[in-house]
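After this come two complexes, each holding chain A, first together with chain B and then together with chain C.
Moving on to the complex of A and B:
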């Protein structure tokens, strides 16, 4: 925390010193903007959910909040974010407890160069080897603290470089705590670089990146036992040979990626291939296999039609700035492995989400969105939109490196996996179809069906088998009726049917809106099909929201259902809780 | 020209990044091999055991027989150990230039050993006499010097800490095989995160040999020819930095973890005048802190 406070003092000096020296010029043309969000929860005991003061650690109140402030003046800008977790709300890591400035930076542009010093987020390509990002709802933040430069080296050539260390809760950087990350990335817009391609309809961009981390590695040993017998005359003695090994861990782990993007009108194709050097770490059980990944998307769109397809193959691509870091919440990730599964809006469709498996995964996703034209027989007066999508995630094929060495054996190359191979363990399947239709000026409706297969062992417990698959059917009906242009009523009915896990669920939401200020909602999710009769619980909620200008306050009372909350394949476990939640958002 | 300039920059930076990768051809290094008989076919053995249920503190004394200040420090430490009823465990690491044998002189004995040298290098070759005490920082340093008074202060702080592990050490010495079977049971008293290692050393106690000294209050100077060298580190049973208590080093409160070792003793250390001692300690891999330590004399034929 000490370093963070020093950092914030340093920021204040940077912000205000120029104003003392050149106060007139500094204030002229300056602009300050920002926003705040505060989520506060008061928890109550709930015998049905097994929540007591003791399980809450006697923390009956939780608050997560942040304020962003941005100062800009011409080519100069400064940014800071104050965060507070007093106490962290349930489901957030207790190591977040505290208040501070985990993110600040100063930025300026001179000519072709843009420099950022302080904390920053950066992404190379699709993020396969480098992505810094933050997702408030997940409690995820892997920002870099250091220097970031962007240089337009020539027409159509953009070079980016960075050196930094990553955020780890509030823990200041020390050489033993995590590594230093450095990287460089180039984008080459061929149509801008070569005159002959300037006016071509086909646009081509090539890109490449290199990233490396340096880490002061720990001394780590492990033991293996083997049995043997010594026979002397008629005497046989059985012995156990216990061998202690020390890992020879790499201080520097490098990675590279190359990508291409081609677009022509409504057609677009993107592909990126990445490799990572041997990187034994806690996620991959300290194997010395190099990492590989390929991620491709292809899309086509025209009026009334959108087609999207993506595929992903990743093999041993966990890349963190501390090799011993693992578990939840995911921290110190240098890279990001794009999700090829869909993020769903409706709560039951999102009950069984997918978490990316960095040790190996084959993923496919396809989606077609078609709008039946207005005033046609099927489209009706306002048209009908149909969305069909399918996504799949599977294991990759893993073969022994040699007989006698089990797959994933620590201190070895782990396994062999043919490029783009498809394993036999299903991780996830999701087929869904959605209809959206506006019947008249006052009434519109959406209907959706989802068919999901969820490998609970893999996604929740990191047990790589197919012994606990959940097959779920989900149906949703979402109807909105407008009484006047201001007042509307929305009814959402959901059902989830499964023979596995917690059985069947039903849900209903009724929402009344008086635009633009008021909203009222009551909702209930009922686990009526739970095998355990005592756990056939109603997760009820009532909510009121009020908005005025850029300020909004929302109050909700009820039960929060436990489960995984995932954004882009990165997940956080949310436990059961009951209580009052107040959310305040504001911007200026 | 512009493009040439750009590509030179790109090539240089890319090359720099490309070199920043360590390719490991030999992932594993063998640091210790233990051969443990499943059943020792010998009815003649001597056994002893000790149960540790209070927090004990480990003082790792970097010393040398030609270090004039070392006897004062060592004697003081052993006096504190008596004052604390043996809860301060001490062993001597003879390392550095003051520990080198001087052939042909009264300092010809060699008390150094590879384990001691490894520890000496691990702690960045500290001056004698110095010691980590439970390998915990005191006044900003893990290596503490006796003359600054830090040893006693750090020992007192460590002694006041809560006991996090119970430990039982048992040895069975087989005279015909000149080997000892060492059994260690470790029980975490509270829920502890991280990975934990058990380290077991062999030390030789009461070696009578020459030692330089500059303190006439405690013994002859400058050469104390019949100095009693206490708990001189001889070897590591399971490697200098030990091995995990469990398969992956993680532990749970209330569980008892059992580790067994079988060690062939060097005949030179089996003398009538000296004792062999087992030193065992538990440390947190990440912080390096020693949480519990124990000492047990190997009962031999004497």
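Moving on to the complex of A and C:
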């Protein structure tokens, strides 16, 4: 409470000091903008899905909502976000319950310096050691609360610095609750820095960052058993000796990263390498091992053709501002580990998504997008786009540090892993191909096929073996017919075939749109191939959407299928539910 | 205590809101730094089209309706430019996970707009964008005169009608 009090006094000063100083003129250049989203759900009991009032904890209504307001005046701006979860909708952590202002800041620019005080999001490079971000649909927010400065030191040079503490639901910061994060980053755009390179076709950017967290570490013990035998005469007695050790936990954990970006016309290459110091934590089972990561992408494209390839290797890179924090939802992450798998939009293609494994993974991704030109024989009048992509995630190789010490033993150095090594447990595979073609002014269609391998144990249960692999084939056909320029009908048919997990699925969506305001849809997903006949459920939904300018209201009634919802490799489990959902979005 | 912070901010926002005509509408594009496809820093206050209208579309490679919207505009874009001189800025809000896919993706698609990368969502926040697609239209003075959320087949026809109205000097409501 005390913290909030101080911050509000501080805010009052910051906000009103300039208004007093500039007196009359201040409000004249003022601008306000913002946006709102409210998601509300009314839950019903559903015996088919096993949902009763008691499984809902008698919370028959859920609402998540936020409003952002941004105020700007010349080089000064202020921002705030009001959030409310009354109660949190099913699938969101109950610790979010409440209303408040989890994010606000004031910001000004003077010359080549930009300062932010309050809460902020910041990212260094691809985020391997530092990234603050927020994703509403996931209930994910790791914003920093403190100070952030950006300084354009010279032409082509951008230096950033920050100090802050991170958001943890609604809990105010206390020294015992989490650590303090500090970081600096430099971006050097060589073509702007050196006159001779100004007009060069090849553009080069170098960057580097350093991040450190300080934490008041807890006192923690672990015990290890050792076996010994006592022989008296001919009698042998086996004993187990339990020894208790105390973890020697580091107060400061540092990390650094270096990156390069080279581009030349349609060619582009990016690579970033990062290392993190010794950081025993709840995610890595308290092992004393350095973290390492490398992430690279390369792409080539010209009109009508795009080729993209990326790879990454991550070893022990969980980096949180509280070492005992783990589990779901992921909170207090200082860094972000980019996923090298695709985010799919069709519901069945997204049924088996991939979640990044911060303790170690090897990932590859490749994609080719090709458009057969307009007005050619194969392309037709409007051209045909073909997309082929493949992604893979595997374990990394882990070797024992010495015989007798199992891999990942707490309090030890854990394991050895050769750089860029490829382990033998498949985590994820996804091959897909998609065709899009517009036949004429009124009819267009898309067809897609996906072939996925999903390691259920690893992704859902954090059990690192290959005993529960799901092999799925998915087909999608999506057709749109336009009656007039305003009225269109869309039909989407999907099928998912697998012998594992819940078996086969079929789905159909019919959508009628009257642009630019109305949208009506009915959809059904049917688990017709479930081994358990009672679980061959129809997940039906009816929905209406109305849009006017920036106001949009959508009403949906039906069943929500359980599963993982993932954005950028970060996932949230969505449970089964039945009921009415109202979504209201607006911006001003 | 918490109220103090809320009240102080709200007071400022409300006074400010009253002291202007309309919120984002009528304002110029805020100044935020984003990147172009080749990594060059670009200030969004520099979005302009020599006194002609501008369309700004927020999208992402993972957003299905956005891609539909871009495809639909792309089919008509040549005609639009010829008739009205409009210029389209396409702002990708893909994060570091997928932003490097943007260039091969848009080239593969054969889209010919002006592309910007808003990797950490700064421009998105400054423009009050909730979820993509979100489309803005600017008049010749670079003032935001119209905006729209979401995409339904045929919405692009409304965009070009608004652009034509601007060109004819009609008022946009």
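The rule is simple: the second predicted complex is superposed on the first by the 558 of 588 C-alpha atoms of A that agree within 3 Å, B and C clash if a C-alpha of one lies under 4 Å from a C-alpha of the other, contacts with A are read in each partner's own complex, and residues count from 1 in each chain.
Here, a contact is a pair of C-beta atoms (placed from the backbone, for glycine too) under 8 Å apart; a residue touches a chain by one contact, two chains touch by 3 or more.
Computed from a predicted model, the values in this text were never measured in an experiment.
**Q** On chain A, do chain B and chain C fit together or clash when superposed?
**A** Once both complexes are aligned on chain A, chain B and chain C fit side by side.
**Q** Touching A:528, do we find chain B (first), chain C (second), both, or neither?
**A** After superposing on A, A:528 lies clear of both chain B and chain C.
**Q** Based on the superposed arrangement, let me know which partner A:573 touches: chain B (first), chain C (second), both, or neither?
**A** In the superposition, A:573 touches no partner, neither chain B nor chain C.
**Q** Go through the superposed model and pick first if A:443 touches only chain B, second if only chain C, both, or neither.
**A** Neither chain B nor chain C is touched by A:443.
**Q** Can A:367 be said to touch chain B (first), chain C (second), both, or neither?
**A** After superposition on chain A, A:367 lies in contact with chain C alone.
**Q** Between chain C and chain B, which one touches more residues of chain A when both complexes sit on the common chain A?
**A** C
**Q** Angle at the Cα centre of chain A spanned by the Cα centres of chain C and chain B: state it in steps of 10 degrees.
**A** 140
**Q** Identify the partner contact of A:203: answer first if only chain B is touched, second if only chain C is, both if each is, neither if none is.
**A** Second partner only.
**Q** Where does A:245 make contact in the superposed view: on chain B (first), on chain C (second), on both, or on neither?
**A** Once the two structures are laid over each other on A, A:245 reaches chain B alone.
**Q** One more residue to check, A:546. First (chain B), second (chain C), both or neither?
**A** Touch partners of A:546: none, neither chain B nor chain C.
**Q** State the minimum pairwise Cα distance, in Å, between chain B and chain C in the overlaid complexes.
**A** Here the least C-alpha separation of chain B and chain C stands at 20 Å.
**Q** Pick out the shared contact residues on chain A: the ones touching chain B in one complex and chain C in the other.
**A** In chain A, no position sits in both the chain B and chain C interfaces.
**Q** Across the complex, what residues on chain C touch chain A?
**A** Within the complex, chain C touches chain A at residues 1-2, 4-6, 8-9, 12-13, 15-17, 19-20, 23-24, 27, 30, 38-41, 62-64, 71, 75, 95-98, 100-101, 103-110, 112, 119-121, 125-131, 134, 146-150, 152-155, 157-158.
**Q** Give the list of chain B residues in touch with chain A in this complex.
**A** Residue list for chain B touching chain A: 2-3, 5-6, 9-10, 13-14, 16-18, 20-24, 26-39, 41, 197, 238-239, 241-244, 247-248, 285-286.
**Q** For chain A, which residues are in contact with chain C within the complex?
**A** 1, 4-5, 7-9, 11-12, 15-16, 19, 27-28, 30-35, 37, 68-73, 78-80, 82, 100-101, 104, 121-123, 125-127, 131, 133, 158, 189, 191, 203, 205, 261, 263, 266, 268, 270, 297, 299-308, 310, 336, 338-339, 342-343, 345-346, 367-371, 373-374, 382-383, 385, 387, 436, 438, 480, 482, 484-488, 490, 513-516, 519, 545, 547, 549-552, 568-569, 585, 587-588
**Q** Within the complex, which stretch of chain A touches chain B?
**A** That would be residues 153-155, 157, 159, 161, 182-184, 186, 193, 208, 210-212, 214, 218-223, 227, 235, 237-254, 256, 277-278, 280, 288, 324, 411-412 of chain A.
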